[in-house]
Amino acid sequence: MEAQNLQQLTFAVDTFYLLISGALVMWMAAGFSMLEAGLVRSKNTTEILTKNIVLYAIACIVYLVIGYKVMYPDPSTSAYAADANFFFQMVFVATAMSIVSGAVAERMKLMSFLLFCVVLSAVIYPVQGLWTWGGGMLTEWGFVDFAGSSIVHLTGASAALAAVLLLGPRSGKYLSDGSINALPGSNMPLAALGTFILWFGWFGFNGGSQLALSTVDDANAIARAMVNTNTSAAAGTIATLLLTKLLWKKADLTMILNGALAGLVAITAQPVTPEPWLAAVIGFIAGLIVVLSIIGLDKLHIDDPVGAISVHGVVGIFGTLVVPLSDDGASFVIQLAGVGTIFCWVFFSSLIVWAILKLVLGIRVTKEQEYIGLDQVDCGVEAYPEFTSKKDG
Amino acid sequence: MKMLVALIKPFKLEDVKQALFEIGCKGLTVTEVRGVGRQKGHTELYRGAEYQVDFLPKMKIELAVPDETVERALEVVIAAAHTGNIGDGKIFVMPLEQCVRIRTGETDQDAL
Amino acid sequence: MEAQNLQQLTFAVDTFYLLISGALVMWMAAGFSMLEAGLVRSKNTTEILTKNIVLYAIACIVYLVIGYKVMYPDPSTSAYAADANFFFQMVFVATAMSIVSGAVAERMKLMSFLLFCVVLSAVIYPVQGLWTWGGGMLTEWGFVDFAGSSIVHLTGASAALAAVLLLGPRSGKYLSDGSINALPGSNMPLAALGTFILWFGWFGFNGGSQLALSTVDDANAIARAMVNTNTSAAAGTIATLLLTKLLWKKADLTMILNGALAGLVAITAQPVTPEPWLAAVIGFIAGLIVVLSIIGLDKLHIDDPVGAISVHGVVGIFGTLVVPLSDDGASFVIQLAGVGTIFCWVFFSSLIVWAILKLVLGIRVTKEQEYIGLDQVDCGVEAYPEFTSKKDG
Amino acid sequence: MEAQNLQQLTFAVDTFYLLISGALVMWMAAGFSMLEAGLVRSKNTTEILTKNIVLYAIACIVYLVIGYKVMYPDPSTSAYAADANFFFQMVFVATAMSIVSGAVAERMKLMSFLLFCVVLSAVIYPVQGLWTWGGGMLTEWGFVDFAGSSIVHLTGASAALAAVLLLGPRSGKYLSDGSINALPGSNMPLAALGTFILWFGWFGFNGGSQLALSTVDDANAIARAMVNTNTSAAAGTIATLLLTKLLWKKADLTMILNGALAGLVAITAQPVTPEPWLAAVIGFIAGLIVVLSIIGLDKLHIDDPVGAISVHGVVGIFGTLVVPLSDDGASFVIQLAGVGTIFCWVFFSSLIVWAILKLVLGIRVTKEQEYIGLDQVDCGVEAYPEFTSKKDG
Amino acid sequence: MKMLVALIKPFKLEDVKQALFEIGCKGLTVTEVRGVGRQKGHTELYRGAEYQVDFLPKMKIELAVPDETVERALEVVIAAAHTGNIGDGKIFVMPLEQCVRIRTGETDQDAL
Amino acid sequence: MKMLVALIKPFKLEDVKQALFEIGCKGLTVTEVRGVGRQKGHTELYRGAEYQVDFLPKMKIELAVPDETVERALEVVIAAAHTGNIGDGKIFVMPLEQCVRIRTGETDQDAL
């Protein structure tokens, strides 16, 4: 009787832990929305908000109907509520898709984007998810990706990269002489708020990925994961501050926000085994990488308004590759193989889907529509109808 | 001297500025305005209710020029601001009696 | 000894679960504030923020002093901390009141609104709460309203409807020829943020309403409630997207946000028994209903700037009525009777209170004050003092 | 076996409770950011956001490396994960530092501020933290400060006061004839959002400070702490509403927000022992005090753009001193001695650090830089680049 | 031709526009401005500190009209913008020498 | 009467207003504009990319004055707006034929 009650309570506690973690990850959808709404121009703000809330909704429904079954053909969870497991897995898909929306901002057709979202949630994400978390081939190889530096973040970024290559840069971003023109984001408090939301939600993302709380070992692992998550983000923030100060004598807030996110992405592949000081080092390097990557992609005329490809892709790879530094169960070669496999699958399958969408429906608005702004074109609702605009006339 | 006041489509501002500087203008002043004219506004929808947007965003350029430059300035503004669509705008020419440069106290032509 | 420790731990876990859930519901107050601040014009923004934070404060204090005792004359909770129970119940009152504030926005006197808030928290809400959750007559009839589609949401909407009928529409909303004039909300990112906050907070609202976590059955019920809550909201979002695209060829973000909320309200009456696919269907229909209801009320010249009456009232009724679809313990007739009873009580008692307030203090600002905006009139603080306004001059 | 499992589960539950609480306190960093971003002028908004996210990062890293060891030379926590304890303690430092950033807004050099942040997190905060929470002399005296009305809030405010005295007021705040000129905050929704975030996060701040959940007594204490926290904040809100209405016939939102925070700060010293009605009284008085304090400091030409010194300092002292009203273990004299000790240590050590910074690097931007705004000077990124400004030209 | 520049209370804009279109005006340009004059500003309170608001929001209407319409235009603007309170505004009439329509190159009367 | 149009540095607005009121002006109108001229813009950085800010914020003051006050008004504006740096701005003087006060119907001098 006692024993049974204890078992029930354990079941309940583990379930609750997963549900709270999942709710925190759901909340990250708000973070991406605010971050992206802050970093686009005001004429595209309503559209990006629409995209973000609808993509979350689509990811949930499609993963419920198809994706979850693809990724976990046989989800046997007797230790906590089956629904809690589904809930936690579901919100991860939405995260991957949110990454895409930022990179293609200010020029993509809303409906084409949403159709891609269906395919990613139904097939592209779950298939590679199956390989690792579903117990597939990558797991057999010994690939380690605790909470998804590659499985979630690199996946999102790879799909984004495929889109951006087919889509081209925003008009006005690269001038005819090859020089780069800034198109500043319209609302910094929103961008900062979005980053804070993501940071907060990430405690559920990484903390929840232990999937069980009820033993001393689990509890210690979760606590360590949360400390390391926070430490890596903090170090990434500081790294970007120092680097932008060094490069430009200014503390570029948008870069610093990217630096915090880079720290979060980098530690996600393995937040449990590093000592906090190592987490700090990983986050710090991630912060440096992200700035250089953003500058580099810009030089290549790959236009990513929010830096999503650098934050989630380049740093996601970095994070996955440094797992062996602290985790004896991982090897650099396998990590590399895993990263390569995931990237190739997601990038090429996405490229095909985007290409089909481009042929059939078109993926880019017209030049005039881009000038007017997607808010009028796709939503008919201005984001800030009462405020006069200084820019773009 | 004359004061040219041009009302143009906002996205033509950069072109017009460029064109004027090429013919030797040294300065101008720009204001965001809203205009109504032959170009019809449009209706927008918000939560199912229509509303009429009559006033369209325009840029007003104010440009003081010496008399001999007026013709040339008119020409280049017309050329640069032209799209051929209704709502391209107007240019008004008004007499300008005097001009002073605050920093130096120079007046008239020299002050432009 | 062991047994006692286990009992203590169970007590602690259930308490913690209620507290966290309650905190999430408190957070919904921020959601309503942001949603409403985004959907009013900038000249009324400070006032609506003031209204929202003060109404929350009043609801808490008044419910502490009076309302709780009315609603639960004998709260016997030995399974978790008594304070946790109070905390969780208290935040629900504030939710009901927040619903009112949106519907009467941009024209009501601040102090009259706050006085109504006292009455609602002390009497109107607790009396009908007693009937169901307090173990009163509706419970005896067999009325089912798990987390409050009617008890909280319809209650808020009924009080709002009474107010709007006495208050009349905002000037300029309906033109002399009977046509409808849009008065667009001033800040879409805030409206979207508010919706995300509400969605997130709703996991506490519905998840917490199981009131106990510590058994396998409870844990499963909570997990199911959260999955269904999320699924219904997602389906509501998608439904509104599709419908507004169909009707107007545009993805109207403000409607989509209402659609998400409609999904949340609809599933609230019974989030535990439906299969997720049924939750999706309920949410989807709720999303359709809310758009049609908003358009319909507008045609009737019932002016509700944020759509609160449609989202919480019309959809709240819908949600309560579909409970029998999945819950064998409920019958359609009883549900209808319950809805009718709650509506009548709240609507007419509110009408009387509003009418008295109208006679004694007045409930509406003058036409000139409405033109100037409530921020100057009631608060003396502009919401965005540095930004030039395009509208209204 | 059973017993061991129960012990493990208890460990896990207590750990989880601390981690969730800590995450909520981390989230308060977002609250301070939004509150301060809303209350400064738009030309200083990017800078204050930068300051807030970087200060959080610095506090985390510095406390990890140095501060924690100073404050808890021997942290023996076998009842929950050691990392969870560190996590929860760490986020408190950031809170203290966030308080400073508001008070010195709109005129301080970014880098000097951040250097101070290093010293506060490494030495100033931990040293006084050691005296009470680390088991040092104040604990021996019998000083009671449950969650840090003095240890966190007064500490932040004292450091802020030292800074403001050396820094002087913003130019244009006090006119040559001695009269006070208002410099209104630029974005009220952000300020309100920030307050809601802080209120929400405070449930972790005060609720978590019990440090253990797993017994009936602990659970009851936490539940009571959360009810009282909420009640005190609500009462503070109402008090400020009434007082500003009385003084100025307007409901000044910025004051009301400060009133809510005052309620939160006041109850923080002892949220467990008061009956809820006493918590309401304490919060109510705190709300009155904060308004009078803000007006008073302004008369003394101590310029604090967000009211941080009043909210966290003056009210922090009040909250600490009223502990004996409900807590028999506390005495007024000891409380006074504790407050005095903490204030003296923090104020004078901060004064010295600020003075050194002033000599070596300077702490204040030039007059022209102040006119242009810190966003351009320190960050090179405008907060709202597309919106025209009405003020300051 | 003349250029009429009217400074009016913002909420009268719609009425004035209406009135002008009724007498055959085909276009006008509007700018948000702030004015100071006989209408006194007011003091506002923020956190207990008073501050003076001197500049009040006004709408500036710029309207080019043929000479023969000037009188009529003045009349209707006065009628429509009148509230009888201080701060109703002013109308200034300035000479306008030339007018060009950018789209067509038409000039003067035809261009209005 | 003349219409004086002054383009000045924004932070000088208060001083100029003060100075004008001291010599008896009773009203003026202010607009936020952006100007380009001899004062060069600057480049800003955003995420590592430079961008050129050509247009600088200026305040435009419009002031109708009787003929006899023109000289005096020019003087005080120049004195108050002067910083000695490039970009201090210009004052343009344009003929003003008529002026009506909407509230009273007064015209010309009386209407100012």
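Residue numbering begins at 1 within each chain, and the chains themselves are lettered A, B, C, D, E and F in the order written.
Following the convention adopted for this analysis, a contact is a pair of C-beta atoms (placed from the backbone, for glycine too) under 8 Å apart; a residue touches a chain by one contact, two chains touch by 3 or more.
These figures come from a predicted structure and were not determined experimentally.
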* Considering chain E as a copy of chain F, what rotation angle in degrees (nearest 5) results from a C-alpha superposition of the former onto the latter? -> 120
* Asked: Using the average of all C-alpha atoms in each chain as its centre, how far is it in Å between chain B and chain E?
  -> 18
* How far is the middle of chain B from the middle of chain D, if each middle is the mean of its Cα atoms, in Å? -> 52
* To do: Could you please state the distance in Å, as a whole number, between where the Cα atoms of chain C are centred and where those of chain D are centred?
  => 32
* To do: Send over the residues of chain E in touch with two or more other chains.
  => 31-32, 34, 44-46, 94-95
* Structure fact -> The positions of chain A in contact with two or more other chains are 2, 6, 9, 13, 20, 184, 187, 193, 248, 250, 252, 254, 380-381, 384, 387-390, 392
* Touching chain combinations (by label order) -> A-B, A-C, A-D, A-F, B-C, B-E, B-F, C-D, C-E, D-E, D-F, E-F
* Any idea which chain B residues touch chain A in the complex? -> 9-11, 13, 32, 44-46, 57, 59
* Asked: Which residues, counting only chain A, touch chain C once they are in their complex?
  -> 2, 5-6, 8-9, 11-13, 15-16, 18-20, 22-23, 26-27, 29-30, 33-34, 37-38, 45-47, 49-50, 52-54, 56-58, 60-61, 64-65, 80-84, 86-87, 90, 110-111, 187, 190, 193, 378-388
* Note which residues of chain D are touching chain E in the complex, please. => 179-184, 247-248, 250, 252, 254-255, 291, 294-295, 298, 307, 390
* Using the touch definition up top, name the residues of chain E that touch chain D in the complex. => 34, 44-51
* Structure fact -> Interface with chain F, chain B side, in the complex: residues 3, 17, 26-31, 62, 64, 94-103, 105, 111-112
